[in-house]
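As written, the chains take the letters A, B and C, and residue 1 is the first residue of each chain.
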Amino acid sequence: MSQTNKNLQEPLLEVSNLIQHFRVSRSFTVKAVNGVSFNIYPGETYGLVGESGSGKTTIGRSVIRLYQPTSGSVRFQGREIAGKLDGETREVLRKDMQMIFQDPMASLNPRKKVEDIIGEGLMIHGLAKDRKERQQLVGDMLKKVGLSPEHAARYPHQFSGGQRQRVGIARALIMNPKLIIADECISALDVSIQAQVVNLMKDIQEETHCAYLFIAHDLSMVKYISDRIGVLHLGYMVEAGTKEEIFSNPVHPYTKSLLSAIPHPNPEVERHRTAVAYDYASSGIDYAAGTKHSVGGSHVVLGTDEEIRTWTA
Amino acid sequence: MSENKTILNIRDLDISFKTNAGTVHAIRGVNLDLQKGETVAIVGESGSGKSVTMKAAMGLLDANATVNRGEILYTYTDEKGQETTVDLLKLPKKQLRQHYNGQRIAMVFQDPMTSLDPTMTIGKQIMEGMFLHKNMSKEAAKARALELLQLVGITDAEKRFKNYPHQLSGGMRQRVVIAIALSADPDILICDEPTTALDVTIQARILELIMDIQENMKLSVIYITHDLGVVAKVADYVNVMYAGKIVEVGNVNEIFFEPKHPYTWGLLSAMPDLETEDDRLYSIPGSPPNLLHEPKGDAFAARNQFALAIDEKAEPPLFQVSPTHWAATWLLHPDAPKVEIPPELQARLERARKEAEKYL
Amino acid sequence: MEKGYIPSKEDFTLLQRQDLYTDTNFASQSYWKSVAMHFFKNRRAVIGLVIILLIILFAAIGPSMNEFGYRDIVQYRNENNKRVVAKGIAPQIPALHKLFTGEELEGNFSQYTFLFGTDDLGRDLWTRTWYGARVSLLIAFVTIIIDMIIGMSYGLVSGYFGGLTDNVMQRFVEIANSVPRLVIVSVLAIFMPKGMGLVIVALLLTEWIGMSKIARAEMLKIKEQEYVLASRTLGAGHGHIIFRQILPNTIGPIITQVMFSIPTAIFTEAFLSFVGVGIALPQCSVGTLIEDGFNNITTLPYQILPPIIVLALLMLGFNFIGDGLREALAPKLEDM
């Protein structure tokens, strides 16, 4: 998908200074997300990349309001959704924003038939006249994701992981959403099945022009599917930009270490590759002290003035 | 230089599982060699049988498994200095556990959180193996444990000795698991997806650690994985497994630069390449077969766009491509039509070869 | 393995396939079918099931198998116009007696077959035992079903909302749980006439707690699962999520708990009747029969045996079933 011209379009999703903290006990708070900001435009794919503990899943769940953000603003289609939701906003949110989950084993209700799982959204919002129409819509959706309509009467445990993910995609897609948050939705799948699912997602995007927030830790897959990328570490967005900007000119040392850690399916190259080491604790960098600096185009990096100067020298 | 002695030899292994739904023919005739000092990778996806094959060698098969035929021959030097060969499948489980598991053949599992006992300090867990297999005194065991912790790259070994698993990060826990595996000086280390649960920045370090240890301690290592990046980094020889059989085997360069089996083509093409601007990733359609209903002929035929009529009638034998490279596909039969590697993959392999030339 | 297949030239042609793209593999066993299979392989569970089914069968048809009703006193007037009542007759089966001894049975009521004998008032114990079993079972089933509904809902709601709601609801449970059953019954006895009503209310007030704990525990396990999150992102309301998404996944452990609660209910009823707070005469239940029989335990021991054995079998049977269910429902590795 080519990069959309931002000047002419309103962002579909605007996240500003999102903070998400979880109070675990009187003395201990998990600071999962610390002031993250990014925008997503209609029809594009935004890749959110990071390792465990980076806060990427939390961001996804906060955006779709499974959690209430501790502070910050999340605007979806122009409406503020970070605070208390009124009925109309909630209705819009629950229809136009959908999520695909990570674990194919746990994301489908084991006691429900596939047709009930996929049709749940239709049932809740009354989008189908009657059972027959719902079954029809579900059957169409099954075909679209590469399964056959006779699968509708079966239960999740009768399918493989890749097939279950397709059911999850169908469940999200049948609502005709404008934004789909894909929370590590391919991480639990075999490599060849990952390719199938990613191709399917691209096809869907071409047909419906929906936008994706693609959350993942596999950088090569993120580069393949995303238009723009945000790099997360310990709850901060340390670098963001188009995929070309990030991959051809990584500035932040964490991004550099992440890129150098990508394995190549090339034995000779792989044996000689050394990853750039990066340890936050001993690096002397304090993310909280940094601010967003632009380093060209839409490429931004988090850091103090001095750090930016060193890294871009 | 490896001594070219075969220390583990799996011959015609055939295993079935009895389940509520019927009999699953999980391993259908697997042959595999491991030579001293080498690293062999078994590559396959879920359900291919790669883990089951090595669990058979360790005597860790579930109760409902039946070994229909085959042998796993392990050659080693016993306490008297004699070289002996045993068939691990014929040994009683008790003997396997007392004399072989941990002591000669050790295994590193995927999830470090569940491989470690959460109620024991890690120091104690490392020493446990030594008490069991080597009858060491407490002081000697502790000294060796600290040595091992340092060997696996845990710097403040004294402090970590008293830690519990939940106090360590994922990467550190995996290092501890490796230390435990090495504590009894095994000949063979089997690593079952050792880096899948770890962050990508830690993965390379764990693999490099294992490679270092391998060189110092003259270990032979078997990796079970679905990650081709891991294979490219560590393997000398690669076995590609599908539906309970090995469909291609060769040294690592042959598999990555000159693959011959359509499944291997599929695996290589399914990884996104940082260089291509391809709009679509080539993906193998469908899912792996359900081995409850064993397919007739080639198990891969249903998903193979290059399937031949004979693939539905008979399973292909291994055809030789080079002294070290075999592939089980009818496409290599002299009568088969000429089928070229798909152009995208061809282009990718060209690029890969050019890049590799920089290092050769 | 097709060893020895000799290929022909035609075999080496490409199958140009177009239909590679639709997934057709899937495993074939339904969940409840595999639970059933597991259950029926368990010998004890099957024995328990058979026992319970037999008792239910006899409870249903036993009382009508002979000519006596449960309150019929077997009596007649003799030549002096005195009432002769068939009281205290040990079990007798005239036909068998003739078979074994070759003689006719003697006694005033020798023409009747009293399989379990008669009680002190001259009533046939076979009929009363099975009638009593019927009453006991009915009370037990009714209260347990209601308790299941109340307890399950309470536990599910408490666990779902968590936080303050859960805290308050659980404190209430703790208080309710700490009051001994006898105290509850005694207090009830002040306000209510003794009888089936009292027993049912007493059971209702106590058995729901166990159910709610199980339901709450299951809810806590399930509520963070991704399929529940998916329902939330689709906009489902709380009621929909609790009762239509999560509840079906908790049915297994709840049914198991039901199987264990029924014997408790039966025993509680028996106990209450035994101490005299339960069923009113001439209604009988297993408990009242035991009480009646207890009075003559040293002289006419046969009177207490049938109800005690039925009680024991009921409790054993349901416990076996409950154990078997719990095992069959235990999570196993799914498909291969």
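In the analysis below, a residue touches a chain if its C-beta (ideal position, glycine included) is under 8 Å from a C-beta of that chain, and two chains touch if they have at least 3 such contacts.
Because the structure is a prediction, the values reported are computed rather than measured.
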Maximum number of contact pairs occurs between chains A-B
Report back the single chain whose CA centre is most distant from the CA centre of chain A.
C
Report the inter-chain centroid distance for chain A and chain B in whole angstrom, where each centroid is the mean of the CA atoms.
32
When the C-alpha atoms of chain B and chain C are each averaged to a single point, how far apart are the two points in Å?
52
Express in whole angstrom the distance between the two chain centres, defined as the mean CA positions of chain A and chain C.
50
Considering chain B alone, which of its residues make contact with at least two other chains?
285, 287-288
Could you tell me which residues belong to chain C and also touch two or more other chains?
21-29, 335
Listed in rising order, chain A residues that touch 2 or more other chains are 160, 162-163
In their shared complex, at which residues does chain C touch chain A?
21-31, 225-227, 229-237, 240, 245, 248-249, 334-335
Listed in rising order, the residues of chain A that touch chain C in the complex are 61, 64, 66, 90-91, 93-95, 97-99, 101-103, 105-112, 117, 120-121, 124-125, 146-148, 151, 154-155, 157-160, 162-163, 166, 168, 171, 175
Chain B residues touching chain A - in the complex, by the definition given at the top:
45-46, 170, 199-201, 203-205, 226-230, 232-233, 235, 252-253, 256, 266-274, 279-285, 287-288, 352, 355-356, 358-360
Residues on chain A engaged by chain B in the complex (per definition of touch):
51-52, 160-163, 190-196, 198-199, 202, 217-221, 223-224, 247, 257-258, 261-273, 275, 278
